[in-house]
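Some structures to go through are shown next.
Below are two complexes that have chain A in common, paired first with chain B and then with chain C.
Up next, the complex of A and B:
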């Protein structure tokens, strides 16, 4: 019984939030890693692309709500998601045509691209704040919980409750579907194969007749879809605020680099590594320890490695350690 | 150069001797609150409270020789020291004779140190409650119509004890106000024999508080005391704690009392309780009545204190016959405290007349003002309980 209690407490406070957060990071990191693999630069505007997509989703969610359209127990935002994706696709394509294309034709160095993306980031940053404002926006509706902590306690008779939010369930399911689709696309379709070829060796790919502009365009379209989905899921699960999306850039890049830049599989693994370490290192293990350890060993203090203030420091530390000892990341991506 | 010096001296002399002619027809008072930021939902009613006192004085026509009072609003952002000091400078440049504000403790300290002291400007804050401000060097220029959080900590500890709470977890917003309040709650509660399982900070403006909530849940406790802001991290923490079933009752100090919290959280908040500065004095009712005539909620947090802060300025100016901070500053404590005739809200005209005739007043105002120590309110508190999605005053302490 004690073991079950410990497991439930751990799931409630560490595993479930960690898995949901990890899925959101993984989707974000996939976008970053695709850009890095194919366009060969670190896109700092990714966090704000997510914010832009989410903003469009929120605006249409509100419109749908005012029309009385809803998705029943699911959040209305899911209905607005395709519109958000299309709008974000339009935005990134316009940005690419207006900004990045120029530097591609100049054959600019990657570091120039990074600086350019920084500029794009500030533009998008301003655009989002201009349209929806800098404040918190809540747009979740429908059923809030799949299972509530109180109900779980009654059902099982355990001392610990387990809560699963609808947004967490949706996040994990959506992430699995999106990742499956992406891998099918990259591995099985002609376009996907040409993208991988372009990523592996640009010159060889050009020689074999692959149209680079088309590869670039498709990459942007996929990245826009991934960013909007990741942003919307994060917003549904937590809340939407332009500044937090900007801050997400750090864990997302940490995830992409830990997994190995340019490797989609690495981005997913990296997302979960970062999310789990953030949650586990700042978790106070007192309660779980109290259940499973014998009485003599029970922790007196909180058994917390780092105060929660240092959550971001965890991503930073992992990032630095990986760059020092294994710059190619877990899945042998490109060296940074 | 010599001529200029003589001229300046002559002007200074004449200004000093003949202040009756120097009394302006228009008195400007700055209102420096956080119209944006973590307490943006409280600031508008606070400003309305202060402006009510000013319009009352203007309409009475008794200040000096029928001078009118003009409010100048400016923003502190509540947590933005740069913005707050810049706006305080702006108010002084625009000719404010006193500043009602700041609101949050951190920015109030910054304005005091960087603007008020160098310029010799007087500040009366209706809401900055950090214990740190009591001991801060202020050259006698800083007053507040709200009690210090050291007092609030004692009140909260006694409410907890009366409700039979044995152990609490505390989380506070990571600034002067939160830290000071958390310390005082912890020490008072422990002195009363209670157990504090954990004290941790949270940052405002984050999207996700699950890690903070997890640490708090692991430490346990009967209730969770959230010394934060209701529009910011405080809300996020409560939402997270309810979602995971970590806590179901919350202790809510003054920064968490406001109508938006029960509205945003919903019925799960029922049964949570807290306290906020306020009194059952006659003045509170009169003020609430006048406020509702004007269409704002006079029981909203710190609105009555703001009225009192503005009123104290104007009464002190009348008593000294001058709008110069260095002349009227000594009169502030005098008009606020006994002896003298008791003054309630709505009687500012009468008070001005008594002062004009050389009499004495004891300003009670909307919160039973009584300044102690280095110019801060002795303070009484309202005990609040959330019932059916509303903040209900259950008791006065």
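Up next, the complex of A and C:
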């Protein structure tokens, strides 16, 4: 019984939040890694692209709510999601045309691209704050929980409750669907194959008649969709605040690098590695320890390795370890 | 028009802006107060110093550092640790324990590195290293936590931190540079020599962590409770107003004592900052012209060729990364001295990292004078974009009714025009004049 209780407590506070957060990071990191693979630079504007997409979703969620449209037990935001994706696609395509294309034609150095993406980041950040303001926004509605802690306790007779939030369930399901679609697209379709060819060897791909502008355009479209979905899921699960989305850059980059920049599979693995370590290292293990350890060994304090304020330090530490020991990441990404 | 003349005119233009700010309220942008003009000038000078440091890294060596905020904050911390008087009893209560814990922590890492170097690759090495790190961490926390608790319980409303060494505050400026240099050494050791954008991501991370430490380690910096009332190198306004000689002197200039005292203090800071700026500018110019500076630019322009010529690229990069970060640390210490308080909650990467980048790019990367100009000019713009934005919005919405919700929202959001404008300026300069206002020679 104690063991089961420990496991439920662990699932409730570590596994489930970790998986949900990991899915969100993985979707974000997929966007970063695709840009890196095809356009060959680290896009610092990614966090703010996510913020922009989420903002559009929030605005339309409010509009739908005022019209009285809802998705039943699911959050209304899911209905607004396609609109958010289209708006973000438009934004990134305009940005690419107005900004990045020029440097691509010049064959500018990667670091110049990074610098330019900083400028884009500034503008998007300003735009989002201008439209929706810098404050916290909550936009989740519908059923809040799939399973409530109390119901679970009654159902199983355990001391520990297990709560699964709707947002967590939606996050995982959406992430699985999106990732499956993405991999099907990259591996099975002609366009997807041409993207991978372009990422592997640009010159060879050009020689085989692949149109680079088309590849770039499709990449941006996919990235816009991924960013909006990731941002919306994160916002539903926690809350939306432009500055938090900017700060998400660090764990997202860490995830992409840990997995291997340019490798989609790596981005997913990296997302979960970062999320799980973040949650585990900042979780107070007292409760779980109290169930499985014999009484004499029970921890006196909270048994928390680091306070939650240091979650950035966790992603950073993992990043440093990977940079030191395996600079190409788990899945052998590119190193330019 | 010769280059020298053009550049002189650009600096004169900045001077003119500051002069207008001090004298006129025309155009709705200027405030017509010398007080505000000097405030802008002081922060502009500090920004110019930061830009100088970033220019050293980016302009000379092509290193992409987006952790300027972290180094600035370390400079601020140095001010607290140097100039505050020690909290009575803190050293005995927990300070020694904390110091011991920090030494133990460093020893653990050193031992892990030593093990990694000495043992052959394999499972044994990994296990040994992990064991050292885990045991070390447990001991570290066991020693540290009681010390922290003891220090934080001393008069938490006012102190609750270990205080500082009680040294003159001016000494904090070079010490801030040293502290920043130490951290830069650690980052540089890990991230330099890898791909260029890894350094960017690593510095972005370390800056967030430094801020997190300052916000949460109350024993060190009082966290979000802020350290206020830091000692100042200049007299307090109140004391000046109480000094009959000063009041008389002010009256002979036609100023009342309050205005005169604030101007006196601000002007004093301006002079001190200008002196630091000039010294650093002179050093940077000398470095740029020296064989060392030429080597740096050679490495920047073609690493492979420089390497083939026998230059140790990574080592040189580390050197210049540390130097540039140290300059940012000095500037950070100066800024905290100017505010005479350390407020970890106010450090924001957009303001302290990316704005400095805009300054360097706009001014002209690779040119020290360009950075200084960029620092002063962009800072002025940063302050003035807000009133300009409000004016613009008022103009656009003038047709709408007074109680229109959209109008209210737009006016309220006008402040966020700043980031947008800075991004736009950065992109425009990068596109149409990538060499900046004062290009590299």
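A few remarks follow.
Just so it is clear, the second predicted complex is superposed on the first by the 335 of 336 C-alpha atoms of A that agree within 3 Å, B and C clash if a C-alpha of one lies under 4 Å from a C-alpha of the other, contacts with A are read in each partner's own complex, and residues count from 1 in each chain.
Here is the rule we use: contacts are C-beta pairs under 8 Å (C-beta built on N, C-alpha and C of every residue); 3 or more make two chains touch, one makes a residue touch a chain.
Since we're looking at a predicted model, the values are computed, not measured.
By the document's definition of touching, neither partner reaches A:272: not chain B, not chain C. Here chain B and chain C are compared by how many residues of chain A each touches, and C touches more. Of the two partner chains placed by the overlay, neither chain B nor chain C lies in contact with A:139. In the superposition on chain A, A:163 makes contact with chain B only, while chain C stays out of contact range.
Of the two partner chains, neither chain B nor chain C is touched by A:60.
In the superposed model, A:234 lies in contact with chain B only, and not with chain C. When the shared chain is aligned, chain C comes close enough to touch A:114, but chain B does not. Within the superposed three-chain model, A:283 lies in touch with chain B and out of touch with chain C [touch as defined at top]. Residue contacts after overlaying the shared chain place A:331 against neither chain B nor chain C.
In the superposed model, A:198 makes contact with neither chain B nor chain C. Taken together, the two complexes place residues 243, 307, 309 of chain A in contact with chain B and also with chain C. Interface of chain A with chain C (complex): residues 41-42, 44, 99, 102, 110-112, 114-116, 118-127, 129-131, 133-134, 243, 246-247, 249-250, 253-254, 257, 301, 305, 307, 309-310, 312-313, 315-316, 319-320, 323-324, 327, 335-336. Interface residues of chain B, counted against chain A in their complex, comprise 174, 198, 200-203, 205-208, 210-215, 217-220, 236, 243-246.
Contact residues of chain C toward chain A in the complex are 62, 64, 66, 137, 145, 190-191, 194-198, 200-202, 204-206, 208-209, 212, 215-216, 348-350, 354, 357-358, 361, 412-413, 416-424, 426-427, 430-431.
Taken together, the chain A residues at the contact with chain B in this complex read 9, 12-14, 17, 21, 144-145, 148-150, 152-153, 161, 163, 165, 234, 237-241, 243-244, 278-279, 282-288, 302, 304, 307-309, 311.
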